[in-house]
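Below you'll find the structure, written out as structure tokens, and then a few comments.
Chain nomenclature is as follows: A, B, C and D, assigned in order of appearance, with residue numbering initiated at 1 for each chain independently.
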Amino acid sequence: MKIAIIGYGYWGPNLVRNFNKTPGCEVACIFDLNEKQLNRANKAFPDIKLVNNYDEILQDKSITAVAIATPVFTHFKLAKQAMMHDKHVLLEKPMTASVVEATELIEIAKNRGLVLMVDHTYLYTSAVEKIKEIIDSGEIGKIKYIDSTRINLGLFQTDVDVLWDLAPHDISICSFLMKEKPIAVQAVGVSHIDNDLENIAYLTLHYPGNRIAHFNCSWVSPVKIRQMLIGGDKKMIVFNDLETTEKLKIYDKGYNVIPESDRDKLLVDYRIGDIQIPKIPQSEALAGMAKDFVNSIETGNMPRSNYQSGLEVVTILEAATYSMKNKGTEVELTYANA
Amino acid sequence: MKIAIIGYGYWGPNLVRNFNKTPGCEVACIFDLNEKQLNRANKAFPDIKLVNNYDEILQDKSITAVAIATPVFTHFKLAKQAMMHDKHVLLEKPMTASVVEATELIEIAKNRGLVLMVDHTYLYTSAVEKIKEIIDSGEIGKIKYIDSTRINLGLFQTDVDVLWDLAPHDISICSFLMKEKPIAVQAVGVSHIDNDLENIAYLTLHYPGNRIAHFNCSWVSPVKIRQMLIGGDKKMIVFNDLETTEKLKIYDKGYNVIPESDRDKLLVDYRIGDIQIPKIPQSEALAGMAKDFVNSIETGNMPRSNYQSGLEVVTILEAATYSMKNKGTEVELTYANA
Amino acid sequence: MKIAIIGYGYWGPNLVRNFNKTPGCEVACIFDLNEKQLNRANKAFPDIKLVNNYDEILQDKSITAVAIATPVFTHFKLAKQAMMHDKHVLLEKPMTASVVEATELIEIAKNRGLVLMVDHTYLYTSAVEKIKEIIDSGEIGKIKYIDSTRINLGLFQTDVDVLWDLAPHDISICSFLMKEKPIAVQAVGVSHIDNDLENIAYLTLHYPGNRIAHFNCSWVSPVKIRQMLIGGDKKMIVFNDLETTEKLKIYDKGYNVIPESDRDKLLVDYRIGDIQIPKIPQSEALAGMAKDFVNSIETGNMPRSNYQSGLEVVTILEAATYSMKNKGTEVELTYANA
Amino acid sequence: MKIAIIGYGYWGPNLVRNFNKTPGCEVACIFDLNEKQLNRANKAFPDIKLVNNYDEILQDKSITAVAIATPVFTHFKLAKQAMMHDKHVLLEKPMTASVVEATELIEIAKNRGLVLMVDHTYLYTSAVEKIKEIIDSGEIGKIKYIDSTRINLGLFQTDVDVLWDLAPHDISICSFLMKEKPIAVQAVGVSHIDNDLENIAYLTLHYPGNRIAHFNCSWVSPVKIRQMLIGGDKKMIVFNDLETTEKLKIYDKGYNVIPESDRDKLLVDYRIGDIQIPKIPQSEALAGMAKDFVNSIETGNMPRSNYQSGLEVVTILEAATYSMKNKGTEVELTYANA
């Protein structure tokens, strides 16, 4: 199976490297409009063909799939064209710049029987896989809240704000871990430069039953933090992605509401037990993602990081932007059929 | 100068101990309605008189001041009675349960020439004093944002939610550090037990000029975090209150907007320099607070943690509660004259 | 049971407080030759009698026991006199300034049926008790090495070097945890001031079967470290005494020698599994020590931190001093009968 | 300038990559006796010639230099042959298996005017360069001690013990930082497998004037630590190589001996001030090493990591082995002329 890599910026080289080592897959060519990027590609992968005319790829029948790693606003057009030429499509996150675009792409993929996948790489990390396994085992009970902090002195993007840049990680992880979708969203943020793209933003997701997820995203923090707390009613997990050997800690810690308590006394009983740090196998998440894409094309099975997940992320981001531009008003979420 | 300690719960013993060692001050008696608490007080301070009748204290002309450490909903009545009997008043945080109560107390204090002070203990910590000194020196430039995380598996209060319990620390610190007051507030939170008091809540303060403060408050975190980021446009400070010797780190880190940049390129230039960890003297904050109260009574000077700070905290909390109960709607802040 | 506290320096107040709250025990008086110390004692414990004449205590038949917290070189004389007057004796660590002194005290205690105990407080910490429990359960297998770092910018003692000051903690813990006694000792150290008392020193204990313990002791480290590694052949423990909630980590980590390996290949197979952080109950170690002393007097049972442990510590320290003053030569250990 | 890489094991690929990007230098061929390794090399560097006959390289007059990354016991023979064929030589650390070998190689290099360099990579790290700069500025005063911990669950080497594997890093750093050479050495260690190669070892270096360096080296620690304390009489440095952004901390911390103190009082006065974390530029140390080698060949200047440093390391290791096999006896150091 031959794949074309579309866009050779920050993420492109990783895609080339990982698809090239995926069994049954070969990177046929790299596309970019920028000569400098193509030169970089040439140095790193002298054997791979370089292309600066997208049509050439569309017309090439030997190419089965494209992996698109270009700015978000170009995703829709590039993906649509590719699918119209019967190519399977992998899109970098976020999937598209709007829900309308995402739903149209999904429609096309369904009609033409093509794989349309979004690269939410985190879903293929050993840590997130382990968290999923722990949650599904029932060990931590029902999730009551998720609280994530994803901050550092990061590159100010020039086309998207900090939420569209960083929150797709958190949203796609929540989408993967939770059995339900959020019903409402709120966001506040500020921009400190005059392009009106927020560089600090806080996003809150409301789930049925008083459950909540909150994401703290910033490009202007002096310290780098990648920490997610997952509070179950039995146990709680702390996922610190900057740790090398202790990424996950499972706390046997929590409280129990005492049902028959009389109201003058404290209503809850606290519990503090052992902490467990499970071993997480070391593996490159992107390799798992590439394999899942290739496998989906071969078998027709839905990939883990599928278009539904992609659509959920875009739906939430679109609502978050609306909320952020409207004083943080709560926006109810409705999901397009997909 | 004789002082009476009103309420001998969690904080009472600390007040007794600190006022007793404040020069020019003596704890004359301890008041509590609960026999158990009085017994505890008797064991710890066998020489101090115990009282379970508030009127006895009000009538005692030898008592100059009262320090009130009872549940919030009792603050107004106890403080008002004390001032009507010409006693100076120290109130634990938060000052009162409402703005109306706070303004009435302030009115009385002004009319009668009494000291009315709120115990925002953090303002007397060496760390916050150092931060104030750094900010006032201009070293970090203009503050663009404050981001605080104050979470752990904490005691569920039965009379106030997590914001009224924890956020007074953050609000009073912001009030002390910032030259301006916030103009609007938003809050979201959830309650996981059926008394409707939120145990996780996020509070956002909006300041003029796109500046923001955000507080993450929780009683249900598996890990304890007490961290505040203060982002100046020159440098940034991280205040980690759980560190013993490295509470403050000053990062020479940030970005500069490049004015003449053409819009196709990145708009900002990044800067990463040294980190400074200033030495913070070890001292008990509460001793400084007690001394400030006694000094204010003696000199008539406004204490650092004064009723204006107390009123600002209550004003923001009241608005935050409104916001939290109304889907996080943004509430504009107006401050009573004080 | 009445007890006298001998010496009211750094540790004295803790002894008073803990013996006073031990059931069946009462601090009858505090002895010190220094007027200043007696004044301090008077302020803290106004109800306790102060004594500056040791004979007064010796002659007081109502006093059952003495707890001696004076400089090491005075331990022997004070303890001997007390036992000759039929008083049970608790000595601060290290027990005595020499093996000769220690064995004579032990002889007297045996002949007179008195309790002679040494305050190795660490043996009563929840962390060390937990480690002992884990080792005895067989979970970590046979201990292959112990490696301890106990360094900070500490007070230079004027009568003992850094090993006599800090290593008693490590030696007594090893003595408690290991089934065997060390057979040889080595030490190197340097003094940076002209009193010839080493302020940095490294102590190595050799156990039968190529097992080793090594202690890094320093008063001149910029950072404070209190970390002990315990390497078992099944699992390993890290004991970080500066952690509040994660003092112990049990690593399912190690290697297995592959018996039939051919010699051109690697001889060992590595294993990395989960990490467990057991919950450690919070308790004051000194209270446990005081209780054990009182209980030993009442029941005649050997206390945990007994004179054998005290003698082992002094035996090792005496040999370590010899080694340190003789170019780190290995000194074989022989233990006096006790 | 053409260079041949001798040995394509763990370190070989890094040498190829770095020499290939060094201006004025080109990797002409890769030598290994093991077919598997050559296949690995072929995959990674398809354009580079592979050789399994060392003589072919010796005879190739176009090859200016060889970089030897083979097991230690082969260093002498391979380097000698290369120099006899007038090739400059870079040797991986440790330089040789004995002082005799090292001095003979140095003799040859001198006689033939060839560069003989040892790859002590640490000397080219930004952190060590910064430490050197700080020490040379006089900021931390005279170094009183160095204390290094270099432990983790590491690969058991089959040809050298843990000291020969890990201590070259520490020794070469000390050699670079200190103005003097150590005058004596001591080492203790144990082997837990039956090949008699120590897997835990402690090495002590004695410098004139009661100054000391101590290295804790282990392949069997459950935790990875790479920490070096450098105690100056003015300030102290902590170098934590596992930190990403805070590798160096400079502590304004120490003590002053009070000269006129009367002997009943404490002899020292303590000082605790700010901590400074200097910015360390990010750079690949090996690139700097490669550049230094090429530059030395071109200019005839002595490289930083020169044969004197290599000889000092081997001299100390040889004495350490003797000490370790002789009960840790102190071994006086004499250095061959070089």
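In this text, contacts are C-beta pairs under 8 Å (C-beta built on N, C-alpha and C of every residue); 3 or more make two chains touch, one makes a residue touch a chain.
Here the structure is a predicted model, which is why all the values come from computation and not from measurement.
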Note: chains that touch chain C and chain D both are none
Every chain in contact with both chain B and chain D is listed here as none
Between chain A and chain D, the Cα-mean centres are separated in Å by 43
Note: chain C sits from chain A at a C-alpha centroid distance in Å of 54
Between the Cα centroids of chain A and chain B the separation in whole angstrom comes to 39
Check: chain A positions touching at least 2 other chains come out as 245, 249, 272
Chain pairs satisfying touch are A-B, A-C, B-D, C-D
Per the touch rule above, chain A residues touching chain C in the complex are 245-246, 249, 252, 272-279
Listed in rising order, the residues of chain C that touch chain D in the complex are 144-145, 147, 149, 151, 153, 155-156, 158, 184, 186, 188-195, 200, 202, 204, 210-212, 214, 216, 218, 220-223, 229, 231, 233, 236-238, 249, 251, 253-255, 257, 263, 265-268, 270, 272, 327-330
